[in-house]
Every structure is written in structure tokens, then in C-alpha cells.
Amino acid sequence: MGTKNRKITRRTVLAGAAATGASFAIHRRARAVEPVKIGFTMPKTGYLGVACPVAYQAYELWRDQVNAAGGLKIAGSEPRPIEFISYDDQSEPSKTVQIYQKMITQDKVDLLLSPYGTPFHLALGPVAERHKFPIVGSTSNSTLLRDLGVKYMWAGQQAPDVYAPEMVKFMQSVGIDSASMLTLQLPASLEFKKFLTPELEKAGIRLDANDEYPNSITDMTAMVGSVKAAGSKAVLGLSYPLDSALYVKTAREMKIDVPMQLLFIGPALPFFSQQYTGADLEGLMTIGEWSPSQTAWPKAKPFYDAYMAKWNEKPDYLDSVISYASCEILEQAVAKVGLDHEKLREVISTDTFDTIKGPIKFDGNDNVATKPGLLQVQNGELEIVWPKEIATATFKPKQGWS
Amino acid sequence: MTALLEVEAVGKVFGGLVAVSDVSFTLAQGEIVGLMGANGAGKTTLFNLISGAMAPTSGRVRFEGCAIEGRRPDEICRRGIGRTFQIVKPFPGMTVAENVAVGVLYGARRRTPSAREVAAETDAVLAEMGLSAMRDKLAGELTLAGRKRLEVARALASRPKLLMLDEVMAGLTPIEAAGALDMLRQVHETRGTTMLVVEHNLRAMMQLCQRIVVMHHGEKIGEGPPEVVIRDEKVIQAYLGAQA
Amino acid sequence: MIAQLVFVGLTTGAIYALIAVSLNLIYGTMRLLNIGHGDMAMVGAYISFWLFTLADVPPYVSFLIAPAVSGLFGLLLYRGMFAGLLRRVQGDAVEGSSLLVFFGISMVVQNSASLLFSGTPRAYRYFDGIVEFGGIAVTESRLVALAVAVVAIGAVLAFLKFSIWGLGVRALIQNRAASAIVGINVDFAFTFASVVGFALAGLAGAVISMYQAVTPFMGGPYTTVGFVVIILGGLGNINGAIIGGLVVGLLETAGIALTGPNFRDLLIYGVFIAVLMLRPQGLFGRKGAH
Amino acid sequence: MKAPSWFAGPIGGALVVALLAAFVVPGMAGDYGIEFATTLVLWIALVQSWVILSGYTGYVSLGHAAFVGAGAYVFILTWGAVPFWFGLVAAGFTSGLLALIVGGPCLRVRGPYFVILTLGVAEFVKYAVINIEASLGKFGRLMIGTPEPVDIYRMAVGLAAIAFVMALVARYSRFGVGLRAIRENEVAAEMTGIRVRWLKVGAFGLSALVPGVVGALMICRTGYFEPLQMFSPQLSLTIITMCVAGGSDNPWGPLIGALFLNILSELLWDSAPELYTVILGVVLVFVVLRMPEGIYGTAVKRLARRSRKAVPGETTP
């Protein structure tokens, strides 16, 4: 009757304790050289408290790796160890603004990493601009950052106006001609919907059920029922982790038999595979363009292994990867031009960076080197099924539930 | 003497229960009238009907010739009817002076008084009621006698033409009750305020009232000067019968 | 489909009713504005999750352990804080003060959980087969949740109805001042309300953990629903809380089916506001009870 | 009742403090200091506005977030279309109007019913705005060209000063005496000639003006509007927490409560970033248990007792 994932959690606790001990040890030893102070905030409490570990765990992994390798390489000087100065922004963008000002003016940090989530990036844009302090964005994926017109901040992820056409291209490539869309009423989902709807129309994909729901949703029976009645070939769930899980629970009960079932954010998260395994997870899709099994990116698999070793859970293929990649960009830029903010801005704006998700290059605020893609669970692992150039597997229609 | 208050065939029914039935009487300017009756006779309900806490089911209440039944209590107060409560309701978290000031500020008057006028009038009422020494105490900290006094003071501060007193002496020691009686007489003497008084203390009623209305089971069963009323056979039977 | 919607609505509603009944015991008797009630459910959910993942303890055993722990917590809070607070503070001030206390407690509990376990959602699988009957298909965990809620609420009702202590608690909910005068042991009733109220919240959490991911912040929405339900049903009215819970549960499923999922909250709060406009004392509250 | 002459003292004092805060602090504090001060001052404005209804009448509102959110929403809707100041004023008045509309029916309900009803109304308004925004195809709105932080700070100081004076005048005027009488005993208040309904609704409307402007200033700080954040019930809860911690029978208590909580959380947050919310929770519990009348109320009482001891024979403080 019951299955479980005991090994993951018990080891997590031990590994976590060990890791903390290890990082203390490094700190003490590295005191000889003045560390490089890198600041950021994370919404450890508040409504994003659930989502942010995937990001800061990537940051902490990067710090430990760099320190273990002798410190951050800085052009024109000795490598120096990294010291994080991080605070809880309580899921409030205004707090983020306040804390970044503090980190810049009082804590006198040398470098900054980005906070978690689009609204926080948007709120921070003007701060970066005023202090001429470069911040490589990570978990931000909105066209609004472009509208802000800042020169000191770059988006980590693809904006929906780039993402939506790719998703539709994929659907056409596997012969899907009808879809039902379920949209969470939060900015990122709503923005995606806004760009996806005309693309679907342009491609001649029929839109059947098209519902929006609030973040307070606790039951999806009615909504999933309308999806079932519509008989579409695809379910596009523009959803967040907890409602993604709710969708799977309800779709199982109602035996939703649809070849393409995509959930915006969820299937890549660790808890998802605690709650659902086997046939339930198999065939679910999510957005993302990364996989440890993509051999074209030599750093991908080592990152995956290191993350697993440190945190004893899989990285999130979207947020953890881009968070880590933003650290890599900063690392490479500093290695090239040192800690001067103006030079950093220059080099980040123009160079191409080699990261765990392949090359990244910015044009304006946008990353133009990465093509947005889609992931699918196949044999329990997430595989890239789109775009073709970086695909690690081919799409397989979802086959029922357990 | 012109009639200040006219109660005409007033009735109140709660669900199926008749609380007050067809009661009529009048109060002349400057009169002190007692309202007597056993517990449950409908005295407090009648107070509520006059002061606007409830609307009567039937009948009229006229004050200075205007129909006031069913109007809001605050409006009736501003027209000049002040009252106290059987179960005292001071403003416990406010000081004694503040309690009185509420009456001064919101009671019957033509214009908003200035701060100095409020202070002066509050002090005057406090002195009149013998509360000056306690002016800065919280109302909730007073003894029962003090709170009853305060209720009268608050009602007086609103400059009522008619003051309705609901058992202001109940629960007091004989000495306190005597003091209260003197105080009311004093008020009547100096202000000439018309009063409608509910009281169980027969002697006090005899001394204070010029006329007494007796109620029984929601109906008026007698009316007249005190010494006549208490000798009335019907009244004795109803009143003492119920008491015993 | 209609049968499915109604049944699912009932299971959701049963959990709401369980939370509301327990909250009603605390709010109805002591007038403590327990905005940390959902956090107690969160504690129960974590207990259930960790017992299962670390020690193989199946959730039905946690259904006993979680309420024991949270009930003990309730006892300690009452003895340590609220007994004294209730002696010193009276009237409306109780609500303000207790709101602040529970706000503090809620911060401590939530953030301790967050520090200890991080914000990462946790989940496990149990009772996750699918049962079909009469055109209805539901996950077993929903049935278990329904059964547990019915049994727990039934036990509380029976206690209140048939035992002499229960009579005292009911009288206390109706009128505190009068109860003390007629010799009801107020201290016992308060202790009872604290322990049982907290224990049932913990139980609800243990049940919820079977089908919803566990996070340090999962309690908030349940607190809100709990308050809406007890005010809807009439403060202190246990039967009202049960019916109110079912009403909200059905609004969430059937109501959404009729209007659209985006109207979920407008529907729930709209009905709530409308009811209070028409009946200021709630659906089943007595006039003047407040 | 005309404002007594001693009003001039506190009002003048508030003005001096506000002017000092507006023009001296920015020179001394860095960027971060200004951000902290802005947060603090906005909280002060919020608690002062809340106390007018909930502190004085005892109708505890858990719905203040609705007014903050409504103000912010109106402000962003009019952003760019009308002059800045006009937008601020419109934000305040819209919230005030919203309060007048919902106040009538809501204030028929008392005690706990009112507390939860206001929460329900605030949630209703929040989800209404979410749905309106979604149906307009909006996914958060961006404002470009918002004022400099120092200017926002100065506006916030001005607003807090206005809110303080409003709360002060409301407390010690005829209006405030009426409101407090309602809190102490509504039936008796009505029988003493107070137009209970008008006063309550009036106080509700008045208490919603300032939060509307606060909402506008809050989105100016981040340049971004998203309903879920602006209508957060957490905000309403925090307001109550500050007011109860300080004591809420007069403007001083909430002022002290806001200072206390902001400064405390700032100190804790800086020195114990991991544990600070836990410690803050413990402190809150402690405050209530040791000082049920709030910091201000308790302090006044202690001082009074001490002075009474010092001057034997005097009966009243």
C-alpha cells in the first residue's frame, strides 16, 4: 500500500550537519587572507520560503567548491576565499531593496548575487543602477525586466515571449492540435499565459478548457473534470509546486488520459518524487533546458553529483541550475577583470560564459545563447525533449497512472 | 402645567409575550413621578420604549408634543431625555470626569461647547453629585454606590428635561440610599428637572414622588398621589401578593 | 461527476470542520484568538512525516502520537501562559492580547520548523491507492481523512453531550460569568478546551500530511478557514462549526464547478460576508451571544 | 469641542520632530538608513491610522491591508495619467471611500464577529483585484520613474506626522470622547446622545485615508505592484501587534509599539539573522504576559505609582 523514500531524508539530515561543520572549518583556515564578501537575500520566511532552498543551496554549493579549490580567482591578485553575507528578506521585495542597500553601503560587500523570484529582481533593478553595482540575475523570467531598462542587471531565465513560441513549436512537432490550459493567478503564470495564448492560436492549436485559479486552491476536482470533458491532447498547467502536486493527485483520481501533461514548476522538485513515483511521475513534463545527461556540457554531470553529495536531493533543473550558473558567470568575470564594478558590468554585458548549462551570453538584459526547452520524466529521470539541438531523449506520450 | 411626556396606549410584544400592554400616562413639567410594580411588571421595558432602546409595537410616545416612539436613542437623548440603567453601564475605562464629559459633549444642546465650557460644566455636575474627589478615578474602580451616582451625573450632564432613573437606590446601604435621595431632591430643587423614577424602596418613593403609576403584568393598574395609591386595594394585592 | 464533486467537497469540508471544531473549543470557551491554530496542524503534519520517513511509523499510528504531542503543547501553553493571562485580562482585551501572544507563538513555531527542516516541501506516500464506488473515484487518503474527522468530531460531540464535564464546557461557551456562579469548574473547562483543541489541530495536520506536501508555512490558510467557519457557524456553536465546515468545503468544489475556479475566494468570502450581513450572529449563533 | 490650547504643544512637537526627521536624518543616515527609516515611518503612519477606529472604539479591524492595497491599486492605475500628488491624494480618498462603503454594514457586527468579518472583506477585495488584474491580462505592473528614496522618505515622514496629528486630535476631541464611549459601552453611549453609527463609520473612513497613501508610497519604493503582496493579511496582523504591544488607547502607545517592534527586529535581524524571527516571537509573548496594557500603558502606570509613593498623602496621580 505505501511506498517511501526513507533514505533521502535520513541522509539529508546527516549530510547537512556534516556540510555545516565542513564550511566552518574552511572559514577558520581561510582567515589568513581577507575573504571576498558576497551578499544576497533569500526569502527564507514568508510565502516563498517553500521555494527558495533550491536557489541558496546552489549558491552554497558554489561557495564551498570555490573555497575548497583555494578561493575565488581575482584578476591581478591572489585568490581569496568567499564569505557569504546573506539575509532573510521575508518574501518582501521592499525588504530586499532595503537589505541590498545595507549590504552595499554598510556591509561593504565586494560582490552581489541575486535574490529569489521575479518581483525581487524587478525591485532591485533600480538599486543596482543607482549604485552602479552589477547583479547577475538568476530566478527571474519576465519581460518586465527589459522594460525597466537597467544596465546593471541581467535576467537569468528566458522571458515568456521567447519561451512560449518554443513550447508551441514543440507541440506542433509531436502533432498536438488541442490543449487545455490551467493558470495559477500569480505573475509568472499569468505572463506566460498572455504570451502563450496568441501563439497557440497562430499555430491553429484549439484551446479547450481555459481556467484560472487562485493560489489558495485546495481542490481541483471541478477544473480537472472540465479538462477531462474537453478531451484535449495536452494539459498545460501553468502552475507552482504545491498546485502542481494537487493537479497530479486529481488527475490520478480522474484518470486523465492525455499524452502531453505539462506542469510549469513542480515535477523537477525533490518533494514531487517523494509524493509521486513510478507511473504517476512518468511522462509528466515541465519547463527547463538542462539535464545532467547532456554530454555537450561537461560541467553538467559533475554539478549534479556535487549537489547530490552535498544536499542529498536533486537540484531543481531550472532554479538551482540558473542560480549556480549566475555564480559561474560572476566567477569568470571576476577572474578576468577583478572586483571593479564598472569593468565587471562591461565584461558581463559582452562576454560569453561557459556554464553548467552551456554557453550564456547577454544581449541587453536577455540571455540569448540558451534556447528555452522542455523536460519530460522518462524512467524516473528528467530528460530534455526540446529543443532538438540539446535533446537527451525523444518525447513519449504519458501512459496513464498507477 | 403643560405635559412634557405623554405615553399613549403603548404596548410591546416580544414574540408571543406581552411585556407592556396599553399603558398611558402623562408627566407634567417639573413633576416627579414614580413607577412601581413587582419584578417583571414591565417597568424597565417601558423605560426602554421611552428612551428609544426599543420601538413599541403599538401606541405613541410624545415628548414636548412630538412623537418620538421608534426614534434612535441618541436622538431622543438630544431632545432632552436622560436615563440611567438598572444594571449600571458606566464607561469603565474612562475616568469619572470623562464619563460626565461625554454627557456634556453629546447631550441636549444647540451648539458644540468649547473646551472651557465642557470643563466648567463637568466640574459643576461632579460637584453637584459629590463626585469631585473621584474625578480622575476610573469609573470601573468605583463602588456600586459611586457608579450609580456617576450614572445620574452622566445623565444630568446631558441637560435632560426629563430624567429617567431606573433603581438608582437598589443595592445601596440605607445610609447610601438616604444620601442618594437627598441628592435627587437637591437636583430637583435647583434644576427643576422632571423625573420618572423606578424604585422598590417604598419609603423613598413616598418621600420623593408627587404621583405614582403602578404596573402589574405589563398593565397600568393604578395611578395617583403616593398616599392614595398605597392604600389602593388592587395595588396592595398585586404588589404585595407578588412580593410575598 | 456531480457525485464526485459532492463527495470530494464533503471530505474537504470534514477536515475544515475538524479544524473549526477544535478552534471553536479554544475561541468559544476562552475567547483566545488563536491565530497559530494552523501552525499546530503543521506540527502534527511534520510529526507524521518524520515518524514515517525516519522510523517507518505508519500514519495511523501518528494519528495518536501527533495529537498527544500537540495536546501536551496545549496543556503547557495553558498552564504556563493563558491561565495567568485570563486571570489578569478581561473582556475585549483578551482578544487583543491573545492575538499578540499567538502571533508570537506562531512566529516561533513556524520559524523553528523552517530552521530545523528548511522551507523545502516534504511528502510521503501512504494510503494512495484509488477506490472506486458508485461513479466516484477517490484516493484512499481522502477516505481515511473523512473517517478520522467523523470519528474525532463524533467523540467530541458525544463528550460534550453525554458527560457531565461536557455539559460544563457547553455552559461555559454560552455564558462564562454565569457558569462560574453556578459552580462550573472554569479552570477544568479551560484546560479541557486547550488540550482537546490543540490535540485535534495536531490530528488534522497528521491527516493532511497524507495528501498534501508538508511545509513550515502550510498552517496559515487553515487558520483563516477555521476562523471563517466558526464565525459563519456561530461562535461557540459546535454544530454550527460542523455545518459551516461542510458548507465551505462544498463551496470549494461544487461552487467552483458552477462558477469557475478563479471565483473560489470571492465565493467563500462573499457567502461569509452575506451571511453575516443577514445574520450578524452567524448561521446558528444565538442573538446576543457576543 | 474646540481643540484645547495644549494641543498646540504635541502638534508643534510633532511638526518639529517631522521637520528634523525629514531634513536632518537623510544627511546623517546612509542609503540603508533611509530605507530603514522609511519603513519605520510608514509603519508609524499605519498604526496611527488604525488606532483611530480600532484603538478608540474597540472594533478591532483585521482588514487594514485592504486599504493599503486599494490605495496602491488606484495609485498604479492612475500612474502616469495624473500628477503624482494627485495620485497620492486619490489613493487616500479611494481607501477612505471604500471604508465608508463597507463600514456601514460591517460595523453592525461586534467583537470577534467584526474581527473576522474585516479579515473576510479584505480577502474578498484582494481576490477581486486579483481577478480584475488577471482578466485585464496584467501580470504585475511596473512603474518607471518613481521618486528618489529620499523623497519617498520625506513624504512618508509628512504622512506619519499627519497621521499622528489625526490620531491625536481624534483622541482628545469631542469625536474621540464619543468613540471611546462607544468602546466602553455602546448602549450607554447611544443613550447619552452619541450618534453611534455615524461616529463608527466616520472613524472607519478616517482611519482608511492614511493607509491608502501608505500603499501608494510602498509601491513607489519597489516600483512594482502585485496584488498578493499589497493585500497581505500579514500586514494587518503586524499593525495590531504593534498597537497591542504599545497600548492602543492613545496615539503614544502605537507610536511606541511601532518604534519598539521595528527597532527590535532591526537589531535582532542584524545580529542573529537566522534566529531573529524566533526571538522576536518570544519577545512578543513576553511583552503581553508582563505588560497586558502595552508598553506605554504599563509605563504610565508604573510612573504614576512611583510618583504617588514619592508624594505621600496625595490621593490621585
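As written, the chain order gives the labels A, B, C and D, with residue 1 at the start of each chain.
The rule is short, and it goes like this: a residue touches a chain if its C-beta (ideal position, glycine included) is under 8 Å from a C-beta of that chain, and two chains touch if they have at least 3 such contacts.
Values in this document were obtained by computation on a predicted structure and should not be read as measured data.
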Note = Every chain in contact with both chain B and chain D is listed here as none
Centroid-based (C-alpha) most distant chain relative to chain D = B
Message = For the interfaces A-D and C-D, which has the higher count of C-beta pairs in contact?
response = C-D
Note = Taking each chain's mean CA coordinate, chain A and chain B are separated, in whole Å, by 75
Key: Between chain D and chain A, distance of the C-alpha-averaged centres to the nearest whole Å   = 38
Note = Taking each chain's centre as the mean of its CA atoms, chain B sits from chain C at a distance in Å of 48
Remark   = Here the gap between chain C and chain D, centre to centre from mean Cα coordinates and rounded to Å, is 31
Ask   = On chain C, where are the residues touching two or more other chains?
value = 110-111, 262, 264-265
Task = Enumerate the residues of chain D that touch no fewer than two other chains.
result = 127, 131, 134, 183, 277
Message = Residues touching two or more other chains, restricted to chain A: which are they?
response = 45-47, 185, 212, 214
Query = Pairwise, which chains touch?
reply = A-C, A-D, B-D, C-D
For the chain C and chain A complex, residues of the former touching the latter = 1, 4-5, 8-9, 12, 50, 52-54, 56, 58, 110-111, 114, 118-130, 137-140, 211-213, 215-217, 221, 252-254, 256-257, 260-262, 264-265
Message = Show me the residue ranges of chain D that touch chain C in the complex, using the header's touch definition.
response = 58, 60, 105, 108-113, 115-117, 119-121, 123-124, 126-128, 131, 134, 183, 233, 237, 240-241, 244-245, 248, 274-275, 277-278, 280-285, 287-289, 292
Inquiry  = Could you list, by residue number, the parts of chain D that touch chain B in their complex?
reply    = 1-5, 174, 177-178, 180-181, 183-185, 187-196, 249, 315-317
Message = Residue numbers of chain A touching chain D in their complex, please.
response = 45-47, 86-88, 92-94, 97-98, 101-102, 104-106, 118-119, 122-123, 125-126, 131, 142, 144, 147-149, 185-191, 194, 212, 214-215
Task = Spell out the residues on chain B that touch chain D in their complex, using ranges where they run on.
result = 51-53, 72-74, 77-78, 82-83, 85, 89-94, 98, 101-103, 105-108, 112-115, 118, 133, 135-137, 139, 154-155, 158
